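Look at the two complexes coming up: subunit A is in both, with subunit B in one and subunit C in the other.
Now for the complex of A and B:
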């Protein structure tokens, strides 16, 4: 299931960064969002980064919780568009 | 070469500079302006990043209030730090999509600019793996804390030229029991802030391939002040 690119919000390529920590989800499960809306804040190397919505949609299920680690390309949440 | 506007704020209250940063970030995100770099010397202040907490303030609330240092909880990465007179704070507000979309490289470049600045004064400074910032031996001379939204940066670096160590001693900087150090403790050279800022910007110019244009900050303050 997690191979389906279309239905997952994935951690974008942030360069040579190894991994990030999920700081805070800015949209909850069931909430709708528009392109460019802030979805989740992550932190690495003393830097916070806001992952924004690639398209309009709705948050179905958060798969990487606050405090957990993620690497580039990892699915963070399941979305519908 | 990228055109970058430099705004020299001089001594400025933290909250006022914070409001300006956010207005410039909004304008940069909307394409109303190009890249900007702010330099500023703050009135004494503690700021706490997203992974920090007030437990790293080592004095009581009453003592902190007696000394008169406010605390702001802000969106940058990292834990608590101190800003005050004698410290260069630099906030590049730049679109990292034009710099290779690489957060690690951006942080490394900020560190490298400050390592080069130390070398200009004959001081050997280094990075420490896992501890972003710039170090002279086991003592820290500069801190990093950044926030990136829509790939545009906020916040940046703080370099100790000649800071009040008693203020720093009121916290665990970055959440660690570390000792901070200033450039003035390491070199007998006379170092007016303007010259050190010029030196820092010279290294950033090289590392980021900038063409820096000086601008009067008053036209930007008017946006904040209405």
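Now for the complex of A and C:
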């Protein structure tokens, strides 16, 4: 997955998916993580995707909460790296 | 929706897969083509597109049938076909440099030959443009029309697939009334008789309410008509209107059924929760060539 340089974790291109629902955040605000750690689960009608960490960093603020919808490219959380 | 089990969760794509998807979308859009990956909202789209493989759908994106497990829209195209489709598809496949493709189509009960002549023309054209390519044709039943089936076989795809979809008891509940279990077996049997050198393949979705014994019976029925390659995957309803899910089948059941299938003599078996009928299809020929 890729992260823009604006320090946001954005919903990556998941293939043939328009919109997802945020199921569960696997790291909380203030928590640190390493590259490849699972950060958030999102789901479509058919599939649950796990979005992982693009680099080492820390979760600053979750901007899309569990149960909310997101589209490809939407910011899900603010990160530091 | 019931909680999805851990074995159905997939990692969001890697950067390489993202580039593959982007490239594939560009080619599809430039040539005005459709993939099943898109129509079926397949969970493996990122993985397959990233690896440069795809299942192309011919004859439009509207199906004359209304199977309850499928997301492809139902309608009547009133005989409309796109004569340029075979050439565009052959160009796209050459552009992508693919060495194995799966071609399928919607059901076209509005056409006398069910679309077989256009399907065959596409295979012929692709082989002309990409002489070394291997082609898997995942065909409809052509309403049992033997002439149409022979037209398709004459274009000489390397693998011919026709999906039985579910066990005998559940077929009337989930497949369109024009499709049925025995017709599917008859189509597969005819392929094996007419062209014994062609690998025949079929696919079953699990989780619709079938019992293990019924799955084994279907596997035996398929082997009985000469089918050599089999895929088993978890049914995932593509929308709220689709046939409801009966249960999530655990990975160990898929493994156990794969062993049974190999014991019955299938030379290619893909069995797992996220397996779809074209998943890792390029391995079919190596697995069945000995």
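One rule holds in what follows: the second predicted complex is superposed on the first by the 75 of 81 C-alpha atoms of A that agree within 3 Å, B and C clash if a C-alpha of one lies under 4 Å from a C-alpha of the other, contacts with A are read in each partner's own complex, and residues count from 1 in each chain.
Convention: a residue touches a chain if its C-beta (ideal position, glycine included) is under 8 Å from a C-beta of that chain, and two chains touch if they have at least 3 such contacts.
In this text the structure is predicted, and so the values were computed from the model without any measurement.
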{"item": "First (subunit B), second (subunit C), both or neither touched by A:35", "value": "neither"}
{"item": "Partner chain(s) touched by A:47 [first = subunit B, second = subunit C, both, neither]", "value": "both"}
{"item": "First (subunit B), second (subunit C), both or neither touched by A:81", "value": "neither"}
{"item": "Touching both subunit B and subunit C, residues of subunit A", "value": "13-17, 41, 43-50, 52"}
{"item": "Residues of subunit B that touch subunit A when the two form their complex", "value": "49-51, 75-78, 100-107, 132-133, 144-150"}
{"item": "Subunit C contact footprint on subunit A (complex, rising order)", "value": "1-2, 12-17, 41, 43-52"}
{"item": "Subunit B-touching residues of subunit A, taken from the complex the two chains share", "value": "13-17, 21, 23-24, 36, 38, 41, 43-50, 52"}
{"item": "Contacting residues of subunit C [partner subunit A, same complex]", "value": "1, 4, 8-15, 18, 21-22, 37-38, 41-43, 45-46, 49, 236-240"}
